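Both complexes below contain chain A, partnered by chain B and then by chain C.
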Partner chain A sequence: MSEFKVDDSLDLRGVLCPINFVKTKLKLEEMDTGDHLEVLLDEGDPIANVPRSVKEEGHMILKVDRPEGDYYRIVIKKS
Partner chain B sequence: MPYSEDWIERYSRHIILSEVGGGGQQKIGNAKVLVLGVGGLGSPVALYLAAAGVGTLGIVDNDVVDLSNLQRQVLHTTPDIGRPKVESAAEKLQAINPDMTIKPYRELVTSANIMDIFKDYDIVVDGTDNFPTRFLVNDACVMAGKSLVHGAILRFDGQAFTVIPHEGPCYRCIFREPPPPGAVPNCSQAGILGAVAGIIGTIQATEVLKLILGKGKLLTGRLLILDALDMSFRETRIRKDPDCPICGQNPTITELTDYEWVC
Partner chain C sequence: MSLPKTIDLAAMKTGGLIKQIEKDLFAIRLRVPVGRMGADHLCKIGEVAKKYGTGMLHFTVRQGIEIQGVPFADIQAARDELEAAGLRIGACGPRFRVVTACPGAEVCPNGLVDSAALGIAADDRFYGRPEGLELPHKFKVTFAGCTSCCPKPQENDVGFHGQVEPELFEDECNGCGICEVTCKEGAIVMGDDELPIREEPKCIYCGDCVKSCPTDAWKVKRTGLAAFAGGRWGRHPELGQKLADFIEPERAMDIIASVLKFYKDEGKRGERLGVTINRVGLAELKRRVL
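Presenting the complex of A and B:
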C-alpha cells in the first residue's frame, strides 16, 4: 500500500451490502477528484460487490490487497 | 460523515443510484412540494414523495373521507371515514417519514387563496378532479413561475404532463378553455378503475423527483396518455402556443378567475 498516498480511509468491516457501498459512495462525494480513499472490506459479498459498484460510478480501483486475516484493503481513486 | 446512520440506511436505495447519491438525496430533503388533492392521484403521489424523503409536503383538500373513496384513495382507511382527508393523510405520511414537515390545508383552492398557498412551494402537483380547479392551478403556476405536474384519470384512461412555465407549453397550450358545464362526466358519474389512479399518480411522483434532481427527460412538451384496457401508452407532442392566453406572447388572462363549478 505504501506506493499510494491515502487521503482518507473507511473501515467497513462488519458492514453489510449494500450499506458498505453506500458509505463508500458518500465518502467519495465529499472528496476531491484525484483523491485516494482506502476502504477495508470483508471477504465474500463485500469484496465481490463494492469494487464493482465503485467502478460502475466511474472511479478507479488502484489496488486490492489482503493484509492479514479475513478482510481486504482497496484503494480507490476518485474520478 | 455528516449523515446519520438512519438517514444512510433509510435512503440507501436512492443513494446507490448514480443519478441521486448523497447530494441528490439532500436536494430531495430540501424540496418543498405542494400536492393538490389527496384522493385517487394525490394518495400515491404523497405516499411516494413522503417515502422518498421530500422535506416539506403541503397537502390541500377540503373533503372528508367517504366510503366510496376507499376503492382507489389508498392513503385512507375504513376507520378514517368521516375524517378530513388532510388529517387522515397527514397521519399516514408522518408515520412513513417522521422527519418530514407536512402542512395540511383543509380548504378549496380558489383565485382568492391560491397564490398565498403556492408561495412557499417550488413544485405543484395537480391531483384535483375537476376542470375549473385544473385551469386555475395551471394559470396560477404560470403566473407564479411554479413547476406543475399534471395528472388526470377517467375510467381506464389517464394522462400526465409537466409544465415548466415559459420554458415549455402549459396546460392551456393544449386545452384552451374548460369544457362547458355538463359536457364531460367526472369520476363519480363515469367511474374509475382504482389502480389506474395508482399508475398515473406514481408517474406524477416520479416527475416530481426528476424535477428535484434535475435528471432525465421530463414530460414537458409531450402529453403521456394511458389506455389501461389496452395497457398501452402513447405520447402527443405539444408545442408552446404563442397565442396561449396565459403563457403566450400577449397574454389575455392577467388575473385569476374561478370557472363555474360543474360537478
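Presenting the complex of A and C:
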C-alpha cells in the first residue's frame, strides 16, 4: 500500500451495510478531487458491496488488500 | 341472490372473480403484469374497493391485487369502473397467468437484463390469447433480472433469469483483487502475476466481477437468459429443470410459445407442465423447444 498516499482514513469495521457506504460517501464529499481515502471494511457483505457502490458513484478503487485478520483495506481516489 | 341483467357471464368464465367464503361476496383479481402499476391506478383501486368492497385489498404472491368483499350484484359496476380507468381483470383457472418479474436492470443495481420489460412483452403476447387458453392446468411464467432469482424462475412453469459471461481485458486490470473477494462462488483467484484467473466450471455468470471491477477490466462478453421449465409449488413442489443457458432475450417469447405448444400437445388435463415433462422426458421437450 506504500505506493499510494492517503489523505484521510475511515475505520468501518463493525459497521453494517448500507451505513458503511453512506459514511464513505459523506467522507468523500468533504474531500477534494484526486484525494485518496483509505477505508477499512469487514469481510463478507461490506467488502463485496461498498467498493461496488463507490464505483457506481464514479470514484476509482486504487487498491484492495488484506493487512491481517478478517478485514480489508481499500484506497479510493475521489473523482 | 338475484342475477343482475348486465352481468357479463362470458367475462366471468375467463376468471379473475373469486368466490369468498361469505355468502354472495366475491374478490376481484386485477391484472398487474410484473407487479408494476402507476400511482393513479392504485388510487382508483382504493376508490373502487371502498365504494363496492369492504375497503380491504389483498396483495397476491404473484404481484397482483385483489379487491375483497364485492357483492355479486355490484361486480359488473365495479368492473366497468375499473376498466374505464384502464385497469384489467386478472385470471385464474387453467390458463397462462399474469407474468411476474423483478424490477430488473432498469431499477435494480444487480439487474443484468430488463426483466420487467420482458415480462410485460410476454404478458402482452400470451395472456388471454389462444396460445395461452385451454391448457391442461395453470401456467406461470416469470423473469428474473439476475442470478439472485428473486421472482423464483425455478418455481414457475417457465422461468428465466439474466446472466452474463465475463471476459478479462488484462491491459486494463490494476491487480486490485476486488473481483477475487467479491466472487461468492470462489471462481476467481489472483495469480502470481496479480492478474485474476477465472475458473469456468465454478462461474455461475452472475456478473459480480464486472460490476465490482474499478477499472472495467472485466467486461461483458455476452448477455443472455437461463431458461427453466416444469417448476411448481403447491402440494408437490418441484424445481424447474434447465432448458438452456445464454438464450438471446429476444428468443424468450419463442421459447414460451414452443413450451405452451408442447404442454397443449402432451399434457393431460389437470397436470402441471413439470408432471408432463417427467412423463415425456426433458430431452424431448428440449428437442421441440430449442
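Keep in mind that, in the parts below, the second predicted complex is superposed on the first by the 79 of 79 C-alpha atoms of A that agree within 3 Å, B and C clash if a C-alpha of one lies under 4 Å from a C-alpha of the other, contacts with A are read in each partner's own complex, and residues count from 1 in each chain.
We adopt the following convention: contacts are C-beta pairs under 8 Å (C-beta built on N, C-alpha and C of every residue); 3 or more make two chains touch, one makes a residue touch a chain.
What you see is a predicted model; the values in this text were computed from it and never measured.
Set against each other, chain B and chain C differ in how many residues of chain A they touch, and the higher count belongs to C.
In the superposed model, A:36 makes contact with neither chain B nor chain C. Of the two partner chains placed by the overlay, only chain C lies in contact with A:48; chain B stays clear of it. By the touch criterion defined above, A:62 reaches chain C but does not reach chain B.
Look at A:19: by the touch rule set out above, it reaches chain B but stays clear of chain C. When the two structures are aligned on the shared chain, A:72 is found in touch with chain C, with no touch to chain B.
On chain A, the patch touched by chain B and the patch touched by chain C overlap at residues 53, 56. Residues of chain A that touch chain B in their complex: 18-19, 21-23, 25-27, 29-30, 53, 56-57.
Touching chain A in their complex are the following residues of chain B: 1, 3, 8-9, 12-13, 15-16, 18, 21-23. Interface of chain A with chain C (complex): residues 43, 47-48, 51-53, 55-56, 60-66, 72, 74. By the touch criterion stated above, chain C contacts chain A in their complex at residues 109, 174, 176-178, 181-182, 184, 208, 211-215.
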